[in-house]
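A, B, C and D are the chain letters, set down in written order, and residue numbers restart from 1 in every chain.
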Amino acid sequence: MSSATSAVEVRPDLRARYRDVRGFTESLAGPLSAEDQTVQTMPDVSPTKWHRAHTTWFFETFILGPHVPGYDEVDPAYGFLFNSYYEGVGPRHARPQRGFLTRPGIAEIADYRRAVDDSVDALLAGAVTPQVAALVELGLNHEQQHQELLLMDIKHVLASNPLRPAYLERDHRSDIAPDAVPAPEWIAHPGGIVTVGHDGEGFAFDNEGPRHDALVPPFALRSGLVTNGEWLAFMADGGYREPGLWMSDGWSTVQSEGWVSPAYWIRDSFGWSVQTLTGARPVDPDEPVVHVSWYEADAFARWAGHRLPTEFEWEVTAAARDGAVLDTGSFGLHPRAGGEQWCGEVWQWTASPYAAYPGFAPAAGAVGEYNGKFMVNQQVLRGGACITPAGHTRPTYRNFFYPATRWSFCGLRLADDR
Amino acid sequence: MSSATSAVEVRPDLRARYRDVRGFTESLAGPLSAEDQTVQTMPDVSPTKWHRAHTTWFFETFILGPHVPGYDEVDPAYGFLFNSYYEGVGPRHARPQRGFLTRPGIAEIADYRRAVDDSVDALLAGAVTPQVAALVELGLNHEQQHQELLLMDIKHVLASNPLRPAYLERDHRSDIAPDAVPAPEWIAHPGGIVTVGHDGEGFAFDNEGPRHDALVPPFALRSGLVTNGEWLAFMADGGYREPGLWMSDGWSTVQSEGWVSPAYWIRDSFGWSVQTLTGARPVDPDEPVVHVSWYEADAFARWAGHRLPTEFEWEVTAAARDGAVLDTGSFGLHPRAGGEQWCGEVWQWTASPYAAYPGFAPAAGAVGEYNGKFMVNQQVLRGGACITPAGHTRPTYRNFFYPATRWSFCGLRLADDR
Amino acid sequence: MSSATSAVEVRPDLRARYRDVRGFTESLAGPLSAEDQTVQTMPDVSPTKWHRAHTTWFFETFILGPHVPGYDEVDPAYGFLFNSYYEGVGPRHARPQRGFLTRPGIAEIADYRRAVDDSVDALLAGAVTPQVAALVELGLNHEQQHQELLLMDIKHVLASNPLRPAYLERDHRSDIAPDAVPAPEWIAHPGGIVTVGHDGEGFAFDNEGPRHDALVPPFALRSGLVTNGEWLAFMADGGYREPGLWMSDGWSTVQSEGWVSPAYWIRDSFGWSVQTLTGARPVDPDEPVVHVSWYEADAFARWAGHRLPTEFEWEVTAAARDGAVLDTGSFGLHPRAGGEQWCGEVWQWTASPYAAYPGFAPAAGAVGEYNGKFMVNQQVLRGGACITPAGHTRPTYRNFFYPATRWSFCGLRLADDR
Amino acid sequence: MSSATSAVEVRPDLRARYRDVRGFTESLAGPLSAEDQTVQTMPDVSPTKWHRAHTTWFFETFILGPHVPGYDEVDPAYGFLFNSYYEGVGPRHARPQRGFLTRPGIAEIADYRRAVDDSVDALLAGAVTPQVAALVELGLNHEQQHQELLLMDIKHVLASNPLRPAYLERDHRSDIAPDAVPAPEWIAHPGGIVTVGHDGEGFAFDNEGPRHDALVPPFALRSGLVTNGEWLAFMADGGYREPGLWMSDGWSTVQSEGWVSPAYWIRDSFGWSVQTLTGARPVDPDEPVVHVSWYEADAFARWAGHRLPTEFEWEVTAAARDGAVLDTGSFGLHPRAGGEQWCGEVWQWTASPYAAYPGFAPAAGAVGEYNGKFMVNQQVLRGGACITPAGHTRPTYRNFFYPATRWSFCGLRLADDR
């Protein structure tokens, strides 16, 4: 983040953006009851009200505390309760026990948000240093990440209920006619030295830099995502039962977890349905597949006679396509069929383990614990999902999850050697 | 239960009692927010709203369904969600996942309770068979058990929160002058054939019968409960570090759980405090110790040079003391110092494994799964705690928990051979 | 043990008995390779060489050390390695890691046994105090228990091998014509006050006393054991799938362990076979069922419309039958069909939780950790199995295991109220 | 492996090499008793006799079976028992239960080895196809890997014994004067396009190719390994207690495992000792540190102000140094101080996650399960350890383990950006 920080201009609209982003979080929580916002259905999941409080704590801890003279914390206990993983800030509540916290309730958390918002707004009403502006920018991007997590998490919570309730009855994107679905084509690249990583214009996370050269072999990427229809063919062909298609760790996971389909798929007497944020409905073969782990994506690619792209193959190809597709733009609750879909439907697993770029150095202090300390055991995803907030992604954006992860909105596109 | 059932008279006040008992549950839930009522902090704990729904399901399933012609369930899904362990009724939601259920919310559960209450009230307004009356009586006693569980469980929930909130700010019993604390004395019994178990007058659970003769050796019980002061002496003498005092399974548990004091005790720079339903406060040496497992009670008794009483020693002694003490009578949130305390402060661990009385047979059908199927691996407790609803206990009442259990309000009294 | 100790006469044949019992252990280990004697296939199982060493350590620690002036331990490390559970003697090697010990090897353990045997023999060649004689007697009975454990354990080890090797090719009992199988009959008892427990004549473990009166209701026991044929009927009738037959803990265990038959039963295309110490063979419907847990025995009895006997019902009935049947007498490797079978085929689960008799007090010191510290969570078995050494049992003998235990030679007989 | 295979010449000395490599395995097992060779002290560890059998099974399954007409397996059961992880060959014995197999014993396994060796020798006495020669070469390299595993595993077994026995009393390398220890220096590289991976000359594993170009930044590697002395400074500076030095997964592991030093280090009243294959001795500050996980190596490098090298940085630097150092050459039981130590002392963790090279394709059939299916969640190590058999390594050799692994002989060297 350090290099990003030094390059940031104080954007004139920061105060308005702060209000918008913070308000969007509250609008996401809007349909959820106090009960919905409280529970945690697996260690990876955090309660909605925890997300609302944690993002607030981030502004209080990294901006208000250090940069507003005489600032008093809203509640000294919140630092312990709502620190996610910043070891440098002090001890914190155990992650798997976030769902044990019935107090503060959602009303008190709304108060907490308002109090911090008022203080940040007052701060931004005056002149702020580039450093503070950069921290606010970081805080807003951090909050956008938690907006996506909030939806991933509440999807898991609601799907854990045998009543299978919907988060919302309808997805506003349903009203927008989707793009026509072009036939997938292979987009070839001749290989050679390419330049990847963020160039310092506008906000980026520290792990997107330094920008640097990389050597890629000749390759091609497929223009469209892998679809449910293709996944059904993989399943029908015994994909989940053939060890030869799988990484050893993946095969162990398939067996221990009993996976036979993507997550949130439900088999009933009519065939396969899928649980979405707007309720259950039949699997649509034209939609991109979502909620598959890296292990499954990798096995599928092998079965299909292709492979996953590396993150650099993805980045240089995506950056060369129409720029407009490289931001999520159209927020929605479930991925839709159609188009090249570099962004805005599902995160796309890559063949690249998540590791530091040459010369990477995290920011000093606790805020530097943001990305660097996760650079082992995880795989990079590129793109952006329907639930990723608009304006949040770019071609250099590096998302990362463990290879067994399924609760994020993750899918895949195929690659090939040329 | 079968013998109890056949003996039950239709009590004229059943309709009023139904209203009182059901209303008391709601008053217990009153101080709790939607968030408080939703979470589950260990598999043994159930959410408050689950207790409210499950007790309602019991009336709907065992009374309204079979005995009200044309009765329609309030919601067919509730049978799956709110069945606790009645295998005979059908499949059910997994116990450790009761805290995953955010829907139905507390408002819907209040509606559910009202709907069932209206139906039961209408039923009781007319003539009912002795069988139905007995089932209502069973349902009310069942609900009283869940009232106690509700308080045990919410105590665990609130104590799992680092903020350590109180359930209520004060215990109404605080206003009542406690009895003077008489010096403990030993109450001797010459031994011989005694008659134990319920005689069929008034309600009793099936596991309290058949009434039968038993042979007891000469023995003596101590008139008062073991106190916090005595427990502090045990701790100071290394009681938790001396394997020779412990059952082998108990010693393993002490080590794996890291026990060094009763549950809910907190060591800080001022000494030992205890978390209660009304908040934390210093340990009072005169109060009876509470939240100790059978393993700890057994080790303490050995350390003290005495032993735990058998359940029959307890029953014949308690029955011979002033009858008034044999019901909890004065409901409260934390045990108080003073008196003989056979009942109304803490449940008292006995040396007796929980097993069937000679000739015991559970009731036919699913309702017979009530007590009999737990008759292994658990120990009997006698008496009744401050949080046990008034009118719920009797000298023959057999409570039971696993020997490692601490979240119930369990303490001990001492016995000796004579 | 204290009362037993004070009553023991110095038996003139103690020196010879010592030699016989110790030699029998070595003969049991005889068919086993160094590899066989080393491994541990579950935490409950101990390696053969560990049994050989531990029983030797018992004599060294409780007899030679305290009672032979100037005695030097064979190896000071053995106290740590071969202490089983005597907390009073000091720290010890973790039980689940007994199979990690490749050294000392079987040759060194044979040396250890010889050295200790020489010392004990020299001690017994002279005059010994009654206390020492009692300790030798205890050590020999302890060693007999480990002889049985050795066979239970090696059966588990060999059955864990997909090659399913036999311990021995044949059981010498196969050459002896079994008793004719009388039709099972019900042996009734009128109930009343009975006297149970050991009377102090000859050796007994401390947990068999004090002898005392007990009140039993009228009852009847079945003369023969439950057979494989009866068990097959239980299985065919869905016994393992009907929760109403089971204790709640038992039903959980059935599901988590996937039990569908007794342990060591193997289903193949020809039907059910059973793995024995002499290899696999078809299940014989006339043989007593063996390797069933208490949970299974209890469920079977309920299915059959009967119940398990209490330990006192067993004891008074067995003691009143032909005395000769109350010792194992004919050692063998697998239970045989026929007769009343109070002893010598399988241990018989009772309805009685394992607890102290009135007035029970363990011996002082570490040797007192023998039986008392296990008096919770276990169930009493009575009788004696084919692999129990001859001369080891009596009507008052109390064996005990956890209710989920199956690797001991445990079966059942039925009881009824009268 | 396919490309390697096609390039292999039938080496005239293959028959002699077969004899030598196979004989070396037996010489490694020589000091071990039957008991030593049987046990398994953690799931990663395999018993010595299992290694001896599994390597034999490899020749039988991939060479004798398919390439010797009419070949009869020595024992059909061995395929199940001694398959390690080749899903394509069929089901296999569960890895964590390899230590349950007491039969076949070491004598039968010696017979098995002899029978297979005789058949292979007869095969190699005649003309063999390049394909068979390549498979024999693969089998020999596979066996050499198991020679190293055998020593890693027996070290763990012996160190699990409180007696802490030695594998051998002395290491023959002790007699050889070590190289003088030059001061560590930084070996710089200007960066640019480099060519890495195996070129097809001589044997290599499939994962070493295809040879390809890669772009490396300017960097420098340190000439000597990180030493025990440096590690003691890291420990003294609180390295194991400072979360800011660690990857998030690493810090979790430090806490859950309680790591405070490298594996096999023992703290006693005299300071730190280390358990080696020749017994325990004081930690020598000049020796390279060994038995540290990737998490520890990564944290150490961060503490030291440097970083781990990538595998390509390592490869191009090592290949440019004196060729003689790139083979283990001098086999020994513990790493020694001195020199550049690219090879022959410890495997060196790199910053590179283990992944496929561009264009990588495993061999067809079960033998192709060798390396490719492990290409996720693991980190590459380069170099070779003292216990790696002579002639087994090359600059392109890619070893790999999970980042928490410590039982392999793993250490590190430092790198820096330039």
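Here is the rule we go by: contacts are C-beta pairs under 8 Å (C-beta built on N, C-alpha and C of every residue); 3 or more make two chains touch, one makes a residue touch a chain.
Just so it is clear, the model here is predicted, and its values are computed rather than measured.
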* **Mean-CA-position distance for subunit D and subunit C (Å)** => 47
* Asked: Taking each chain's centre as the mean of its CA atoms, how far is subunit B from subunit D in angstrom?
  -> 59
* Using mean CA coordinates as chain centres, what's the subunit A-subunit D distance in Å? -> 38
* **Shared interface positions of subunit D, touching two or more other chains** => none
* Asked: What kind of graph do the touching chains make: line, ring, star, complete, other?
  -> ring
* **Touching chain combinations (by label order)** => A-B, A-D, B-C, C-D
* To do: Note which residues of subunit B are touching subunit C in the complex, please.
  => 85, 87-88, 193, 212-215, 217, 243-244, 246-251, 294-295, 298, 351-353, 355-356, 358-359, 369, 373-377, 379, 403, 417
* Structure fact -> subunit C contacts subunit D in the complex at 33-39, 41, 49, 77, 80-81, 93, 97, 99-106, 157-158, 160-163, 165
